[in-house]
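Structures follow.
In what follows, subunit A forms one complex with subunit B and a second complex with subunit C.
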Partner chain A sequence: MENLQLAVSGLANGCIYGLIALGFVLIYKATEQVNFAQGDLMMLGAFIALALGNDSHIGAPFWVACAGAVLAMAALGWSLERVVLRPILGQPQIAAMILTIALGFVLRFVAGAIWGHDPLALETPIAGANFSLGGLILGADEIAAIVVTLLLTGLLFAFFSRTRLGVAMQASSQNQLAAYYMGIPVKRVHGLTWALAGATAAVAGILFASKGSIDPGTGFLGIKAFAAAVIGGFGSLPGALAGGLIVGLIEPFASRYISAGYAQIAPYAVMILVLVVRPHGIFAQVSAKKV
Partner chain B sequence: MRVHFKTGYDHDIRLFPDAREALRYAALLAVAIALPVLLDDFLLGEATNVLIWAIAGMGLMLLTGHAGQPSLGHAAFLAAGCYANAILMDRFGLPFLASFALAGILTGLIGVLIAIPALRLHGIYLAIATLALSILTEDIVVLAEPWTGGVAGMTAPPISIAGVEVDRLASPDLFYWLCLAVAVLVTLGYRNILRAPLGRAFVSIRDSEISAQAMGVDPARTKAAAFGLSCMTTGWAGALMGHFFFTFNHEVFTVVISIQLLLMIVIGGLGSIHGAYYGAAVVGIVPQAINLARDAVAGALGGGAVAIPGLETGIFGLILIVFILFEPLGIHGRLVKWRLYFELFPFYRRDMFRRQRSYLKTERLR
Partner chain C sequence: MSDALLEVRNLESFYGPVMAIRGVSLDVREGSAVAVLGANGAGKTTLLRTISGIMDPEKGEIRLAGEPIAGGDPDRIVRKGVVHVPEGREVFPLLSVAENLGMGAYTRRDDGVDGDIETVLRYFPVLKQRLGQPAGTLSGGEQQMLAIARGLMARPRIMLLDEPSLGLSPIMVRDIFAIIRRLKEERGVTMLLVEQNARMALGVADFGYVMETGQIVMEGPADRLERSPDVQEFYLGGREAGALAERRWKRRKTWRS
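Moving on to the complex of A and B:
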């Protein structure tokens, strides 16, 4: 029973890692860039929801605040691509990587300047509600995290494989120039991808903030989500979720059965193991590069 | 404009292309040696800090700028060098020079060990693996408490070279000269590697691994060598850093330091030794400039000094974004452009440094 309880809370945490990882994968799948600022986008999304919804700030109804945060983050994602990332289109991958790291620093600073560095809690209607299922205690926030994540992953997966726009996104990552020649508006596709990643980050942020408190340093969670994305295979949406769940499950069990010190290390140890054994993740899509 | 008329193959790989260039560097070295006379103790400490960062920057520059392997984990190697040096001096009673040299070699060996699994990784995967390494370092230092002192930290043992005490606080000029000597030796070694086949192999791996392989370069061995040399240099910087900070614990060498190192060499200019020094100067100057500006603003508004957490990294991030968007070649690239503008006047053209854009094809194939 104790193990089951650990597993549930691990799954709920894992879903949030999975959602952030989903953001990485979205951008990587469509633009072949890695967004190191995804964790900070999540943090910002949570703060916007908090600023709109909490009674001490604007005090809008919870669902309005959620919708507002998702829209605001989509707009932010789109404009980041438009202003910052589009000029370096066509430059080496490392340039985009460093650029997003710098963006993360700036976002963290902006959030700190606006909302301060003390942890704040998001007021949600589901806070504190618990269900008990034959001795197993399920928090409403945990159930919400699991359900929303599964839904969102399913939707995004269907979007990428079924819709015209999704296929265009995949095409523009596989060969930018060829996609452009085939009439795919590569630049606009990139902008939409970033908007989508921003919206996903907002959802992850709201779920994370409803489980605990947030502060500008929360963005560092993104590094753990990185481990998740790598374990799952960087180009695969279900892989991102699976990786997130693996990381989420490892943590509570490692801290219960080994020691709290090793629980910090465990996700990265698994990631390094995966990188050594299967360099492109469990759901790898890579074969040897052709010239 | 100067034209170098080459009459022998050796001219291509000379240390200095002509006597004027050699004189300029000699003058620079003379100024650097005379710096303790020219600056007060505080500024000299800052100069020492910049030199140590420059050594670490050269370590990462070799790996990222020349061999093209991005690393977000070099703080781990700074930590390795720092702790190895301190432990060798403290526990094994080695004299500074021996422990210093050994610390670098040990860190280099660790680097090669890490390179072996990392060799299978490309680009972002390598960056992420090294990022994880950097995160693990903090925990490893805590877990290895019997050796590293864990959370309480360690104190750098006093340095004594041939009976002369070198202390960062009591004799800042001696410590500065020590760092300068290391920096000059590392720079010379770096320059010589670039002139040798190994250095050209690094650059070929960076530009195209497949072409390099076709030319007879072994990518695995070259990358391992790049990791080893890079980590060795970074380890030396770490050892000096330990003596500079005097006390250190698990919180000194964090991920932020790793990222800052990478940002530093990008701002300085990827792929040039100069870039490591320029980047280090920026890292040294920006916090001081922010402090001055903040005091000035606080004074004008009549308020006390306000500490704004995260301001430093925020401004650092902004500087970096501006550089990547407007000057991807960094400070060194900008200076080279200006110099060329005057040398070629009036024939300099804006597109002379324009790079061919390469549109991405995925490496994920079905």
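Moving on to the complex of A and C:
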């Protein structure tokens, strides 16, 4: 029973890592750039929801605040691509990497300047609610994290496989030149991908904030999510989610059965192990690509 | 001044620091097939990429039915009816064959797409059995067929075909060219065909141009080009290879006359 309890809380955390990892993978697949500010986008999304919804700030209803944060982050993601990343399109990958790392710093300081560096809590209607199922105690926040992640993943899956724009996004990530030849507006697709990554980050941020407090340093969670994306195989959407769940599950068990310190190291140890054994990640699609 | 569907005038284009196209002019009439022959590095691919907007020209004009299109974004040029079937196939490897075909029609908003898939597949029956398969698992020849079929899905006014014979077996090359000929004759597809395989290309084309180091050095109706001693020698293998380099320079002057 104790193990089950650990698994549930691990899964809930893993869902959040998975959502951030999803943002990494979305942008990487579409633009071949790694957005190291993805964690900071999540942090910013959480803060915007908090600023809109908390009574001490604007005090809008919770759901309005959530929608507002998601829309604001989509707009921010779109504009970041348009203003910051598009000018360096075609430059070596390292340029985009350094740019997004710098972007992370900027977002962190902006958040710090606006909301301060002390931890703040997002007011949610589900805060503190618990259900007990048998001997198991399920937090409403944990259930929300799992359910919302499943829904969002399903939506994204349907979007990528069913809609014309989604298939075009896949197409331009698989063969950018051919996408140009087919008349797919590749640059606009990049912008929309960033918007999607921003919106996903906002959802992850709200879920994270409803499980505890946030401060501008929360964005460093992105590093753990990066490990998750690598474990899942950078470039695979289901892989990103699976990688997040793996990292989420490892943490509580490592902390329970080894020691709390090792729980911090465990995700990265697994990442290294996966890189050694299966360099393209668990869900790699690389083998299917024939040149 | 000309009633051609596609007109290229004094086009100059750079490939990085290299001037790959040095003042090329050519015409493609509606319903005709025009071949551009030339060796590796003659600038043929750069020419097509400049027309389709992947590369911007330095100088010169490109007009489609009289309307200037030079330097436009590739998606706008596709919308105007110019589709480029790139060399080396360039399919979307993880998308299914059907999805690849659907992407060919990306710029279209009408609902004739499903019907067109049926029509296009009549020319490429092999693809019909592979509709659900990822395009990356097809053979080279099948991928080339898919690339052409995908190009047709845009219902182009003109199709730019870049080296459809590249890297394929002789039998496959023959099959592909048989399809290209049928498309031209039965469906009246206008094409600009870039090829190293001069015999195949001139067999389909009405008119031909020979390109060398970024310039047109010779032009004429396809049957006349096919009989020309220079083309026979350099592109149809009329003389043994050893004499080639030397002869090339000696006879070059006569090419511009």
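In this section, the second predicted complex is superposed on the first by the 286 of 291 C-alpha atoms of A that agree within 3 Å, B and C clash if a C-alpha of one lies under 4 Å from a C-alpha of the other, contacts with A are read in each partner's own complex, and residues count from 1 in each chain.
In this section, a residue touches a chain if its C-beta (ideal position, glycine included) is under 8 Å from a C-beta of that chain, and two chains touch if they have at least 3 such contacts.
Keep in mind it's a predicted model, so treat the numbers as computed, not measured.
Of the two partner chains placed by superposition, only subunit C is touched by A:Val167; subunit B is not. Of the two partner chains placed around the shared chain by superposition, neither subunit B nor subunit C is touched by A:Gly135. Once the two structures are superposed, subunit B and subunit C can be ranked by residues of subunit A touched, with B on top.
Of the two partner chains placed around the shared chain by superposition, subunit C is the only one that A:Ile184 touches, whereas subunit B remains out of contact. When the two structures are aligned on the shared chain, A:Leu275 is found in touch with subunit B, with no touch to subunit C.
Within the superposed three-chain model, A:Asn175 lies in touch with subunit B and with subunit C [touch as defined at top].
Subunit A uses residues 174-175, 177, 180, 285, 289-290 to touch subunit B in one structure and subunit C in the other. The touching residues of subunit A, when paired with subunit C in their complex, are 164, 167-168, 170-171, 174-175, 177-186, 285, 288-290. Across the complex, subunit A is touched by residues 52, 54, 73-75, 77-79, 83-86, 90-95, 99-100, 102-104, 106-107, 134, 136-137, 150, 154 of subunit C. The touching residues of subunit B, when paired with subunit A in their complex, are 64, 70, 117, 120-121, 123-125, 127-129, 131-133, 135-136, 139-140, 142-143, 210, 255, 259, 262-263, 266, 308-311, 313-318, 320-321, 324-325, 328, 355, 357-366. Note for the complex: subunit A touches subunit B at residues 32, 34, 84, 87-95, 97-99, 101-106, 108-110, 112-113, 117, 173-177, 180, 216, 220, 223, 226-227, 230, 234-235, 261-262, 264-265, 268-269, 271-272, 275-276, 279-280, 285-287, 289-291.
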